[in-house]
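Same chain, two partners: subunit A is paired with subunit B first, then with subunit C.
Up next is the complex of A and B:
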């Protein structure tokens, strides 16, 4: 599905780069925390937990020739720093430099962000007498990750080990007889492995070698856990969908979106994701065809969980879908 | 239900995980027939860093809620406009802190479960007693009973001025619909919307809720091709002023009659609001009013929702295919 604007927009690439990151106005951030290929900055550094703000030096390049030929006036380049969780929105206008690029700085304040901020660039111009028209955006936004210490875009499902029976987590106690449970209520889905459950299971999963029988058992168990995780994530992701004004369900955000985009093609083959979403929401609400769908959900979850072998691989890989690339 | 007593109240706020809420929240609690199991929930809580305990006391918030229930006994939805600024000025914190849903879980399940039921309980039906939906106890920021008020105050205040917040709360649809739109994260946009809302209410316009929904929807849709940030410039709020205000609020008790003062982290430029106002008024004039589906009880508060802000005009809709 392609978005269409009722006025001329830029066709060429709009690039946004982060040249440097300084913390609290002084200390330069090590550049290893900035990954251009991943378009991600890892703002967490052990040993330097306390900081108030960081300043990002930005440089943007636009398709110059197109702009020179086009009928846009009052061109402006606006960097936007946002985070859904805190409803934060900071913007800064970049200035045109002599070499044709645009540059400026934007501050990220710790008190206004909590997890992962998104940095994008919007090119705005007056078109046909209408000021403030969006004529282009960056293809891929930057992520500024406050919790990560390595700059990777992809986030993984958390796998934690705990003793359900005697550990500190009260809420795990009722599950003391299960070898594992999957929790999908939080920001990141989590698999809890019960160290006090089946004897030796956690060790087995953590191992890599062993006899052929051990290896096979490990793969079976890992696949089983992954299947549970994918099924639980899918059900969580399609429950509680927001709908827009004419009743069309809206694609959720975060990991829920990533899970749906990965699994919907197997659950309802040959459909556009948004179309499939509509169908599923309707079946869920009205009850028809819901039971039939379970087979496909099971199949989709099984397919994903058998792609890779080890548990960490089997349930990893929640690429929190790119805000621009997936619309 | 056994009434909530001061003996039930923990001295400071803590963080209560969603899983713990899900494990204990049941219909009898949602209907107000019994209180949540305080001891079991308390065990699941995660404590805040002790150094901030002084500004996380529960008693001032509890007093505020008791007063709201007394004051608005006959008209519970009016409590929102009174409570939102006062809750914001009592529970002083940064947005980063407020984004942690576990705090709101703690407030709803342990500090004031009776308030959630009082404010959001639906009408009793033949099938059983009315309930407050689970999302009012633990849910998204725009639905949860207390976080929706705190965020409404945060997003609609004009620097230290809470008056726009009071205006916003006069129409429930602002809290139910407008609050969840990304466009209002731009402060002049939020202020301009509230100015229009204020005018509608002052003039006694018919169906103000529907008109607010229509306006929000139109502002949101237009925002996909128009950059309000460029049309109406805003200066970033001063984070130091906010932190000073949070620090100063430790022993402050808000006035019940007079509106409190928010953090002086900078007001929106009047010119920025004026730049958007005529455009929003025009949008309101042109926006079609949607017929509201007849619903009962709590449901009637859930208005139609505009979708998220998408770029450009989307030509195909799934509904086109399934007809």
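Up next is the complex of A and C:
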């Protein structure tokens, strides 16, 4: 889906760089927490849990020649720091420096953000007599992760090991007989592995190597957990969607988007993701076709969990073990 | 007039006194000087002060070395084949030689490359000054052979005759030693003009080269094998400093008029000494003569100009003047960016520029090679070191980290005590974040001597996701430090380089000069470099538990087919590929939309949808006033029908301004194609 502007916008690249990070106006942050290739800053640092704000030194480069030739006036370059979860939005104006780049600083206040802030650049100018129009933004925004200690853009699903029966988490008690549960209510989906459920199962999962039988079991269990997780995540992702005026759902953000983009082509093949979402939302609301959809979801989750390949390997392994008489 | 004639005019029985005067061994009495002045028709000042312009009366001529009496033949100069005849190799070798001969240690050596194309009368007068008529028979004979060199000579002569143009490349240095020393005995002059494989480097062990091969690239770059030299000397020779001219020609063995010639030939004045009867030697030219040979030098700073006659780029990359000019600039920047950077603790060692002329007129103005423009991040790293502004840990993207890397220098054979591992030299590693436009990054540029790049190595076992960086390793004299260990490390590393000076590895010199274990020391050095880089950039391994790997693998959110799958992969559904839009005067949007479709067996029935884009919440849809099929589709009941097998289609739509919630000019528009929803729209 492409959006078009009713006035000329910048075509060239707009680059934004974080030069340094200072915490509470004093301590410099190690640059290894800033990843330019991942466009991510990991703001969590063991040893300093409490801090109030950090200052980011920024430098931006705009397509100078295009700006000089274009009919934009009163050009300004704004850095914006946002987080959807808290609806926080901070902006600062960058100053043009002599070498053609734009630079400035922006403060990230700890109290305004919970998880992951997004830093982008907006270039605004007066076009055709209308002031303050956006003529360009950064293609790829920076992520400022408050909880990560390594700057990685892609987030993984959390996997937590806990004793459901005797662990500190009261809410896990009711599931004490289950070897694992999948939780999709939080910011990040979490798989809880029950160390007190099936004796040795979690250890087996965590190992690598072992006898052929152990390896086989490990693969099968992992596939089964993954299938549960994908199914649960998909259901969570398609619930509670925003809709446009004409009833078309809006693609959610974050992990929900990633899950949907990965699974929708298998759930409803040949459909655009948004189109497929519309169909699913309708089936869910009106009831018809909802049951049929379950088959497809189960199929898509199985595919992501590579169930078929794991089973093939397991059967082959059995066959080999049979012939060698090791079973 | 030659020395014998002059002797006769002055009434000497032999020409010996005249020869002795020319050679600077004796000084004539004042009355004799006056007589000489009368003979030549100029003032006595010129005769008594031989540093002033004196017109040498002897004619310039070519001297071809006779063939070896034992019948041996050389079909070319083997040293010239040691390198690729590539302009970048020439720039590297010639500039390195200039750097090694830097005279005043406080100021940089200035290197200029001047490309000059001659045609028409300019060409004729140049060839005339070179004694071309005398040379031509030798070229013809040498080109007649069937050897490799003969074939390329033949092509060069044919091109000269057909195109009537000749490319000269002048390589000049200023603030260098110049070709000092006697005509035939040891010295810089003889090493370059008379000898092969003579590395007459006197730079106190700091020199880059050591084989004496580099100068052969000058001759290798000339299609005619011809190089003319003009040198301003740092120490007077025979009482002169300026404009010592000589030309050397490298031809294969050939025969002219029944006389066999070995190949090499020299252009100069005949040597008056009987020991060198008939040999052409360098002469002290006047300004007009230097200008006629396109060898004039600006100012009187010592140094040498080499004029490569018939220059070309044998790699074939650069054909036109502009391409050759650009290639020279790039090669100089790539090879010597480090030498061109100066800081508070040490100035730049080198300044370089490239100019291009045609028939004496400037085509591309003098371009100073700017190291910072070509290698911003590497330049910053070295600059910070020279300015003493390095840090211990990176906290900002433009900082430079300094780390020390130990190199253990093996003892020389016969000098070490038993079980002596050697002296430790602490090399300097500088590291900074790569600039965005650096094509090559995450490598360590290793240099020694006068900041000569030896090798680039990629550190091994870097953790994934390491930030892109640029690093420089300075070893030996390149560290800018003094001391015994510095000198030893320099000599050790130089001994471990092959003639190309492009790696530190096993060489004959290394194994014959140093105690056993030298190669292991080099390997250890390399791993120490890797370790130092890892310490600076490597992130600590992720501390998170993360759960079993087998499960994490299955639960990745960035797996193939995910959001980051990229647009090139064939999609299983129709997608909007391009939108061209404008707002009409009435406020309606006019859009031309290209869509891409997957293969299918049924026709696609699609509903084009236009919406105003908003920052959050639901997007208002706008209606169409008109839909027109433009390419490979048709419009039915407001839907778009595309036949199976069609991969690309285009339609045009105009929105209905009455359905716009705001003015068309004040909103962004998104266009999408959805599968038709049976009468819903």
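In the analysis below, the second predicted complex is superposed on the first by the 306 of 327 C-alpha atoms of A that agree within 3 Å, B and C clash if a C-alpha of one lies under 4 Å from a C-alpha of the other, contacts with A are read in each partner's own complex, and residues count from 1 in each chain.
Basically, contacts are C-beta pairs under 8 Å (C-beta built on N, C-alpha and C of every residue); 3 or more make two chains touch, one makes a residue touch a chain.
Not measured: the values here are computed from a predicted model.
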Touching partner for A:10 - first (subunit B), second (subunit C), both, neither: neither
Subunit B versus subunit C as contact partner of A:144, first or second or both or neither: neither
Subunit C versus subunit B, contacts on subunit A by residue: C
Subunit B versus subunit C as contact partner of A:77, first or second or both or neither: neither
Which superposed partner A:56 touches (first subunit B, second subunit C, both, neither): neither
Subunit B versus subunit C as contact partner of A:243, first or second or both or neither: both
Which superposed partner A:278 touches (first subunit B, second subunit C, both, neither): both
Touched partner set for A:156, first subunit B, second subunit C, both or neither: second
Contacts of A:114 with subunit B and subunit C, given as first, second, both or neither: first
Subunit B and subunit C contact sites that coincide on subunit A, given as residue numbers: 1-7, 130, 242-246, 248, 250, 272, 274-275, 278
Partner subunit C, residues of subunit A touching it in the complex: 1-7, 15, 17-21, 28-32, 34-38, 46, 57, 128, 130, 149-150, 152, 154-161, 191, 193, 202, 205-206, 208, 218-219, 222-223, 225-226, 229-230, 242-246, 248, 250, 255, 257-259, 261-262, 265, 269-275, 278, 304-306
Complex contacts: residues of subunit A adjacent to subunit B: 1-7, 52-53, 76, 78, 80, 82, 84-91, 93, 107, 109-115, 122, 124, 130-134, 137, 169-171, 174, 183, 185-186, 242-248, 250, 272, 274-275, 277-279, 282, 327
Touching residues (chain side subunit B, partner subunit A) in the complex: 17-20, 22-23, 40, 43-44, 94-96, 98-100, 141, 151, 154-155, 182, 185-186, 217, 224-231, 234, 236, 239, 242-243, 290, 304-308, 310-319, 321-322
In the complex, subunit C residues that touch subunit A: 393-399, 433, 436, 465, 467-468, 537, 539-540, 542-543, 545-559, 561-565, 572-576, 578-579, 581-583, 589, 591, 598, 600, 609, 611, 613, 617-621, 664-675, 677, 681
